[in-house]
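The two complexes that follow have chain A in common; it is paired with chain B in the first and with chain C in the second.
Right after this comes the complex of A and B.
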C-alpha cells in the first residue's frame, strides 16, 4: 500500500503528555494553555512560509501531545529568534522561548536533521564555553563545518586566511583565568542540571 | 454581665448546602455551641436563609425567651437584613442579632476540615461574647428627594431620562459634548436588523429636549457631589457655548455667515474625516439644535478683530455672546444614574497595523462615518486618496482579547464588523475579507445575520491579521495594503492585498473614568469599568446606595442591552423614589458631649463632612444623616469621646477576647 493511503487518524494512546508538562515548566512557556490559536505568531513570522508547522500549530500540538511530530518538525530549527511573535502574541506566550525549549528537547532526544548546523553549533558553543569560558570563532566555525559540511572547508579557507591576516580570527584559545573561569563553569553546570 | 438582663443567646449554624457543611463539621460546632456561656439554643440547619430556617429563630425566641441571636452563615452583605428581619419578627430589637461569616471567611478559603471547624468555633465564640453587649438601636428614616441626575446623554442616558420623566419625575440630564446622542448618533445602521441609527435615535433625542420633566444641560460636567442616598447635592459646571440658548432659534444662519467661507478645521463629530467652521453644529439632528463656537479656532477669540458676520446676521435676536462665562448650577437630587459610556481603543497603540501611517487604514468608527449619509462623504465610501475601494479587509479584535492591550472581548465588534462588511459591500460592491479569531454572534437574530453574510460571499478567514505593510512581493500587490495572516483553518500563511483596511477597535473605559469613579465614590473593576453591586442579582446598582449604572460605563454592550440596562436603572431609581424614605443604618458615630474638649481633630478627618463645630458649646457635633459609620473620627478622637453604634469599645474588645480565647 502506498503511504498516502495510510489512515491519518491519531489515536489517543499515541499521544504523549509529558512534552506539554515540560514546556509548561520552561520560563516563557507557562502560558501555552492561554493560546487562542489566533495565528498572530504565524502571520508575523518572516519564516513561517517555509515551515512545515507554524508556531501556532506547534503550540496546539504540544498541548495535545503530538510529541513526535513536534520534535521532528523542521520549523523549530528555522526560527531565527526575531521575537516578532513574542512581541505580538495576545496571550503573552514567549513563542521564541518555546521554540528554544523544543530545540533542547529535540537535541536531548537526538532528533534533528542530519548535518544541520544549528544543533551542532549550539552544542559546540556550549562545550567551548564550559572548557575555556570564552568562545573562539575560528575553532567554532571550523568544528561546525567539519561536522556538518566538511566540503565547504575547501571553499571557505581563502576567506578564513584573509580574516586571520587582518587579526579578525585567532588560532589560540583565550581562557578566563582560574577562579572566575571555575565559577562560570559551575554556574553553567548548575543551569544545565536544572534543564 | 452587660446591663441588659439575663443573657439568653440562640446560636444557628447554616450548612449552606455543602458550601459550609462540606468543610466545617457543623454538627460538632452546634454541639460545642451549647457549652458556651449564655447560649440557650444551638442548632445547625441546611439553609438558615430559607423560610423554615428563619422560622426556627422566631419559634425559639418565643418558646425559649431568647434575647440575643447569632447566625453563623455567609457574608452579612447577603443576609444580614434577612436575619435582622427574622429577629424583629420574633419581637426582638433587630440589632440584638449578630452575624458570623463562616463561608467566605472560613469554609470557602480553607481545605483542612479540622482547622476550619476550629476557626468557625473561634469566630462564633467571639460573636456570642460580643452580642451580649449589643444595645437596642433604631433605624433613622430620611425622606428621598424625587429628582434624578443622569450623567451622560448617550442612548442609555436618554432612555433612562425619558423613562423617569414619563413616570413624572424630574430629571437633570448632564452631557459634556455640545449635543446628546453619544456614540449611537455616529452610527449608520444598527445590527442585526439594519435599521437606521439616526431614524430610531433622533426621535428620542427630540423627545428629551421637549419633555417638560427633563432639564438638559450640554457642555456641562458634574464637578462635585455631596450627601447620601435620597439627598445628594450636586454641582454642575456649565461651559460656555457662546450662544444664548433661550434666544437662539436654531436657524443656523450664523454658520452660513461665518467669515470662513469654507469649513477649515477638523470636525470632531466626524473624527476628523470632515471639516467644520469655528461656529458649527456637530450634526444636522443635534439636540439641542444650537450652534457652538470653538474658542480655539474663532478669529474673534484669537485676535478680537473679526468682522463678526455671525453677530450681524443674527441681528436683533442677539443670541451670540462672546463674553459668555462658565456658570455653576447646584441641584438637589435623590438618586443618580451614571451613563458615561466608553471610548474606542486607540489603534495607534498597535503600530504594526499602520493606523495613522497608511491613510487607507481606518478604524471601525471612522468607517461608520464614511458609510453614513450625513457623514463627510455623504455616504459614499471613498478613500482618502479619492478612490473607491475594490477590496476591503476588516480586522477583528484590534486591542481586544490581548494581554498587551485590553484583555476583554468587547462583545460588539464581531457584529458591527459583519454589519460594516455588509454595508461596505452594498455601497461599493467591493470584495470583503474578515479576519477573525472567533466569530461571536450570541444574540437574537445575530447568528442569522452571520449566515446572511456568509451567503453574500464575504470572505471569512480564521486568523488574527498579524500586520499590514506596503512592501509588494508581487506586481499584483503594487500600491496595495498587504495583510499578512495565518489562515488557521486552511493552515497556510496568506498575503491579501486590499485597498482599504478597517480595524475593528474594541471598547474601553473613558480615560477619565477613574476621576468619575472617585467623584461619585463608586468602585471600578480592575479593567476600569464601573462595578455593579452584584454581577447577576444587582447589575445596575453600585456599592453606593442611590447611584445606579446604565450602558457601557459598566462594561461593553450593544444598543439593546444598553437600553435594557437603562430601563432597569430607571426602575431601580423609581423604586427608591417611590419608597419615599430611606432607612439609614444606625452604625453611626456619636459624641459624648461631656468628654469632648472641642479640639476639632475629627472635623477635617471626616470624609463625609458630617462633623461640625458648635461655637456656642465649643463641642463637635455629628450629623447622623451624613455619617456613614466609617469610624475614622472614633479612632482619631484624643479624648475617646466619640463612640460608634454597633462598634462600641466593649463590643470590639469582647469580640477580640472571644477569638483569642482559643485554647
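Right after this comes the complex of A and C.
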C-alpha cells in the first residue's frame, strides 16, 4: 500500500480549549503550560513504544486544543500508572495525573469502543466498590470479561481452577460491615459529581 | 512494636499466602499487626480514572480511621501504599481538594488531620529489625539460592522512602538471608499492572521482559514485595512457555515467604503451597539446611 500524503489541517475555530482548562484544574496537571516538550516522559515510559501519541505529544495537543485527537487516542488507555514520567519530568508535571484526567474525560463522554476493557474495568471497579466497599478480583475479572470478551472465559478456566485449588479464589464478597459501609456510600455520594 | 495493618483487597483474596507469611514473619520478629477495623478499598489506580474526588475520599477514609487507632499504618501492597501516601500528599498540597474531602468525611463523622504515617512492611523490617540483626536470626540460610529482587513501580515512585532508604539498601536483605544477590537492573520496572488483564498483548510483553531478564541473569527466584506484581509475574509464565517455547519458569515468592523460610518458620505457615510456580525445584537443588545452633 502506498502512503497517503494528505495534509491534515485544523483551523482556529475547530480547536477546543476546554480540555486544557480541565487539565489545569486537575491536581497535578496545573503545570502543563510549563512543559518544555523535551520528551523525557515518553523516553521513560515502558509503554510508549505501543502508543500512537507519546505523553509529550498529548500534552502539546491538549495545550493547542486538539481535544478530539487526544481523547480518541489509544495512548491514554495504555498508561499503567508506573509514575516513571512523573518522577522524571523536569517541569514538575504529574504526567500520570494528566493521563488519569484524560481517561476521565473519555469515559465521561463515552469515547471508546463499547467492548474496550480498560474503561469497562474501571467502571465495574467503581460499581463494585460502591456496593461492597472492597473489591473481589475474581468477580471483577469475570464481569469485565463478560462485558468485553466473553469467549476468553473459555480459555481462562485452567487458571481459575489452579487458583481455586490453592485456595486463592474467593467466591464470596468481602463486604465492609453494614453501618460503616452505609457511611462510606454517603461520603462517596456527598463528594459526588464535579461542581 | 505494634502497627495498624491495612491489608487491602488482595491480601484477603488471591494473595492470602502473602498475608499468611507476613503475619508469621512479623510475629517471629516481635512486630504486632492489628487489622484496621472497617477498612475499605484504597481505590487503586482504576477508580481515579472515573472520579478523582471519590477516589481521594476512599483513601482519606482509611487514613482517618487509622488516625483514630494512633499507630503507623502498614500497607503490604505497593498500590495501596502509594495511593495512601499520594492522598496524604495531595490533601496537604491542594486546599480545595482537602476542603471537599474533609466535608465528605465529616458526613460519616470522620476527621483527617494528616498525622498518620504509611509504611511498607519491607521498610519496617529493614528499619526496625535491621540487616545485621536479621542475619543473626537466620536459622536456615538459603545457601546457593540465586535471588533477584523485584520491587515494582510504586514502592519508590512517585514518593521516595523515609530516611533516604534506597532499593540498594533493600537488596542487602537477600545476602542477609544467606542467598546470592542477583543484580537485576529491571528491579523497579513496571510489570504491566492491570494491562495484563485488559490490553493483554501489551501487558504480557512487560511481564515477559522481566522474566526473560531474570533468567538471563541466572536467577533461581524472583522475589517481590507487592501482591499485584506477584500475581502478574506468576500467572503468565505458563503461557510464554507454551506459546513461545521459552523456559521462563521462575518462582515468584512474596518477600516475607523468603524471610520466613530463612527464619525456619514451618512452610505451611508461609503459604508456600499456594504459589502457582512452586519453590520445590529450588528447595531440592539447594536444600536450606538448619544452621547448627550457635
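Throughout what follows, the second predicted complex is superposed on the first by the 181 of 195 C-alpha atoms of A that agree within 3 Å, B and C clash if a C-alpha of one lies under 4 Å from a C-alpha of the other, contacts with A are read in each partner's own complex, and residues count from 1 in each chain.
By our rule, a contact is a pair of C-beta atoms (placed from the backbone, for glycine too) under 8 Å apart; a residue touches a chain by one contact, two chains touch by 3 or more.
Here the structure is a predicted model, which is why all the values come from computation and not from measurement.
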Chain A as common anchor, with chain B and chain C clashing or fitting: fit
Partner chain(s) touched by A:190 [first = chain B, second = chain C, both, neither]: second
Chain B versus chain C as contact partner of A:162, first or second or both or neither: second
Partner chain(s) touched by A:81 [first = chain B, second = chain C, both, neither]: second
Contacts of A:137 with chain B and chain C, given as first, second, both or neither: second
Partner chain in contact with A:113 - chain B first, chain C second, else both or neither: neither
Chain B versus chain C as contact partner of A:100, first or second or both or neither: second
First, second, both or neither for A:26, with chain B first and chain C second: second
Chain B versus chain C as contact partner of A:54, first or second or both or neither: first
Residue contacts on chain A - larger count, chain B or chain C: C
Chain C, chain A and chain B - angle at the middle CA centre, rounded to the nearest 10 degrees: 80
Minimum Cα separation, chain C to chain B, after superposition on A (Å): 9
Chain A-facing residues of chain B, complex: 352, 397, 401-404, 437-438, 462-467, 484-488, 491, 493
For the chain C and chain A complex, residues of the former touching the latter: 9-10, 12-17, 38-41, 43-54, 57-58, 61, 82, 90, 93-94, 97, 100-101, 103-105, 107-109, 153-154, 157-158, 189-190, 192-195, 197-199, 202-203, 206, 235, 273-276
Touching residues on chain A, where the partner in the complex is chain B: 34, 36-45, 48-49, 54, 56-57, 88-92
List of chain A residues in touch with chain C within their complex: 26-28, 46-47, 50, 77-78, 80-84, 86-87, 94, 96, 100-101, 103-104, 107, 117-119, 121-123, 125-126, 129, 133-138, 141, 144, 159, 162-163, 166-170, 174, 176-177, 180, 183-184, 186-188, 190-192, 194
